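Shared between the two complexes below is chain A, which has chain B as its partner in the first and chain C in the second.
So, the complex of A and B:
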């Protein structure tokens, strides 16, 4: 029995070494840098009082909330529909809708350029219709479209996973009691999917908060928090401020995920 | 469901799929079109892909090498950890699990910044691809551990081990001859996930790379910023070609796993 316990402890040693060396120690030191030096903890105050940082924080939170709400709506409708109906082409639709899961943020940015860039599809169509050439890729709108692009597959998969396990007998029972399709959705399907929405929504929000690649491709001038951190680090060479902003960004993202997990949503997923 | 609601929901779902598929298809087409602004009528060509090969072949090779090294480390570190999580859950394993998944909640930029300020001055490490591998391991390890732990949890590995133990096998022997073979489906699913994530990783890698350690996504960002649309598209096409087999394999593994789950 003793040797068993020792063996399972030994099994954890390599992981403890790797995580400590490449995450724990660096992260703790980053915390010290963010709150060290002359400015100290006042750097965190600066995040809220300096207009550039505060605006970036607020617009990142606002963008993430709008993206989350829109994605839950789109992914919710498509996810419930695909989970509850089978038809020819069903597999293809699911494959198309989940394919972008593996796209890095930079590639998603390029997809937005294909749609709304200078040679983009929307511009070509709007010009063919006799209007001005519409270019939206290099702005907050482009960022919104890009975040939708990488969020929809994640939300869709989570919603589908739960909707497929939904107990059909409940729906049959409701129908036999005279409930219409709308009432069934409202009173049975949606309440059963609340944990899935909480989990998917929190992942979506945290991912949007930290997304860097898409903004990087579309425009370095867009004032979202990850872009500002990057500029502080590279252009201003202000490691301490970049560190403080990273800590704030990390805390917001982590807090949202932790809060959602308390409500029962299992939301471990990769942030893009 | 009534017919109108069904038709509307189907239309909406197809529209959503089009939103995701159309730009990808356009970019694939642009990668093999002579002059994109003049459309497909200007003729098809593979010149842009050859140009990508000439400019960026090294990033493709390096991304594959980094993904393989990341895979080896996550296997060596992750399988024993998953085993410990399943066999002896305790406050310690729960804390370790929390710490391990934290890098997924924290944006990659912050993780990279933390690594840079600690290891940035260790010159040989900073300049080697191993620096990127370290970042990718931190980012992908949770996926390997989850996949393996869920397989081990589902087959009741403890009972299997009791059997081997009663026949006189020691812990290491049981780990190699019983646990690892039993964990294989999870190991396969986890490996595909780790390789796919590593090949596509940008947020960490952009901060950790040097001009001599550019990966595929770093090269993509570079081409989006400075190359003509056709070259950027051809490069993206190469990326799609690399990633699609991995995604298909992942779906097949997931499907065969759920089928086994149903028959059990």
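So, the complex of A and C:
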């Protein structure tokens, strides 16, 4: 073997070791645990037939989809605008909007409680205005707000990155052909951003599917898959069921990323 | 097909926000159906001027752009009905060739049947029918150029604006497309403004050439006028090859170190600069000639020879000789020039 090929192989060694140790081995173990014992593969069936598991799966997928759609809408519009316009305070605004990237889920959850918790800002204001005290932090709504908060920066940055590379001549050419602002967004800008949307959206979806810290901070009884998995192996000590649910969660998130990669090209980060 | 409008620029100037004075106040009229070429070195303001006509840049206060006498200075580009071809072509990557060409018609809500017919006409006109369903990234440079042209012409623009449309292509293709483009512009009879830094392109395409330098027009004229009667050293040297030499004029002739030449009417007096095209100098045997020099080098170009001559003037003279004339370094030669081929330059 040529020394150059040896060198290339050697470069892969650390990555292979890490992936084997921290991903492949636990993943295989997870599969064994999930399908071990008397129940065996029927546990996967149980995920779909037991109301508690099925509801958690469905509501997690639904929440992730709503979060993804909302994030793409808000982050997408803001990203296009910020990439195409320069004004005083532009840098500061981007910094503020991308600030949530620095926070772990627990902190995001804490902030949602401060906003919509029992003693939260929204509650106080609504009460001061003579209405009922509005509390939304400890429910799906709270989770939605939290996920939205930390998903927007990712979409914003991805969309801005691609929008900034968009050739301004394309827009000028479209204008010369008579296209107004709406037609330009529809025919030129959005098509160019589809790969960015697919990439950002799938990451956003997968993150929302698996996010745990925020949910844990808000309410331990909230019915999303990561919480159910946690309860299965802590409270119910049902390690096998927790493993089966983990496999399903992983598969759904991975399938979405894989689908996105198929449709959206190369911008999509890892599946799994 | 439409023949477009006349375009008038009145006191058009452009200062960019960073203070760059890209264009000094300029007046110019492009006649209906005329092909006008802006020619000048890179950075002289050609693109800026074209973008002002297009409506992509606003001229400084006081500048006016008129189409057929109507003021369009405040009209946005979307409503000017102009066709634009960019150096980078700027084709829409998410559309096929046919969709690119039909885009302006779709925006104008031309019914699909008529749109398809017009797109087919454009594909035929530019000779790219087989490419109609291709994606843009499946096209060569020359093919892209044709699509860009077809897309701009499809909307039957009032004026066609082309910014260095051939510059991105290799030399052989550029020559071929230049001929095609020339025929197309003539057959459409459209008003066109064409920007280039290539003098050969300017000469073969333009009805008139506007020579620019550092944000200013230095000369406007037909290709023959700017070639034979350049008004400055800059134009003489920018367009074609030129010998620009200094001599002492008196009594109807001009003296150089190697002899003298007759001046055209009206003659100048004293120190003066003249321009001579290499092909206007006839190389003869030295005996009996008023102006002589020594061959310094000969380069054989196939169809002709380029001869460098020392001693005739303070500067080296470049002349052209027929390809079969026997000449070698060190030969003494006589140089004959018809007085009307000699041009006195003012600066």
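Here, the second predicted complex is superposed on the first by the 262 of 272 C-alpha atoms of A that agree within 3 Å, B and C clash if a C-alpha of one lies under 4 Å from a C-alpha of the other, contacts with A are read in each partner's own complex, and residues count from 1 in each chain.
Throughout what follows, a contact is a pair of C-beta atoms (placed from the backbone, for glycine too) under 8 Å apart; a residue touches a chain by one contact, two chains touch by 3 or more.
Worth saying up front: this structure is predicted, and the values here are computed from it rather than measured.
J.: When the two structures are superposed on chain A, do chain B and chain C clash or fit side by side?
T.: fit
J.: Please indicate which partner A:122 is in contact with in the superposed arrangement: first for chain B, second for chain C, both, or neither.
T.: After superposition on chain A, A:122 lies in contact with neither partner.
J.: Just checking: does A:110 make contact with chain B only, chain C only, both, or neither of them? Give me first, second, both or neither.
T.: Once the two structures are laid over each other on A, A:110 reaches chain B alone.
J.: Return first, second, both or neither, reflecting whether A:167 touches chain B, chain C, both chains, or no partner chain.
T.: The answer is second: A:167 touches chain C but not chain B.
J.: Which partner does A:3 reach: the first (chain B), the second (chain C), both, or neither?
T.: The first partner, chain B, only.
J.: With the two complexes superposed on chain A, say which partner A:187 touches: chain B (first), chain C (second), both, or neither.
T.: Second partner only.
J.: Pick one for A:46: touches chain B only (first), chain C only (second), both, or neither.
T.: A:46 contacts neither chain B nor chain C.
J.: Tell me which of chain B and chain C touches more residues of chain A.
T.: Of chain B and chain C, more residues of chain A lie in contact with B.
J.: Touching A:177 in the superposition: chain B (first), chain C (second), both, neither?
T.: Touch status of A:177: second partner only.
J.: Can you give the closest approach of chain B to chain C, taken over C-alpha atoms and in whole Å, for the superposition?
T.: So the smallest C-alpha gap separating chain B from chain C comes to 11 Å.
J.: Using the superposition described at the top, list the residues of chain A that contact chain B and also contact chain C.
T.: none
J.: Which bits of chain B are touching chain A when the two form their complex?
T.: Residues of chain B touching chain A: 1-2, 5-6, 9-10, 12-14, 16-17, 19-24, 26-27, 30, 36-37, 73, 76-78, 80-81, 83-84, 87-88, 92-93, 96, 99-111, 113-115, 117-119, 134-135, 137-139, 141-143, 145-146, 170-172, 175, 196-197, 200-203, 206-207, 217, 220-221, 224-225, 229, 232, 236, 239, 243, 246-247, 251.
J.: Give every residue of chain C touching chain A within the complex, in rising order.
T.: On the chain C side, the touching residues are 54, 56, 76-79, 81-84, 86, 88, 90-94, 103-104, 107-108, 151-152, 155.
J.: For the complex, give me every residue of chain A touching chain B.
T.: Against chain B, chain A makes touches at 3-5, 7-12, 14-16, 18-19, 22-27, 29-30, 33, 74, 77-78, 81-82, 84-85, 87, 93, 95-97, 99-107, 109-115, 119, 121, 148-149, 152-153, 181, 206, 209-213, 216-217, 226, 229-230, 233, 239, 242-243, 246-247, 249-250, 253-254, 257-258, 268-272.
J.: Spell out the residues on chain A that touch chain C in their complex, using ranges where they run on.
T.: Contact set of chain A toward chain C: 167, 169-170, 172-180, 183, 187-188, 191-192.
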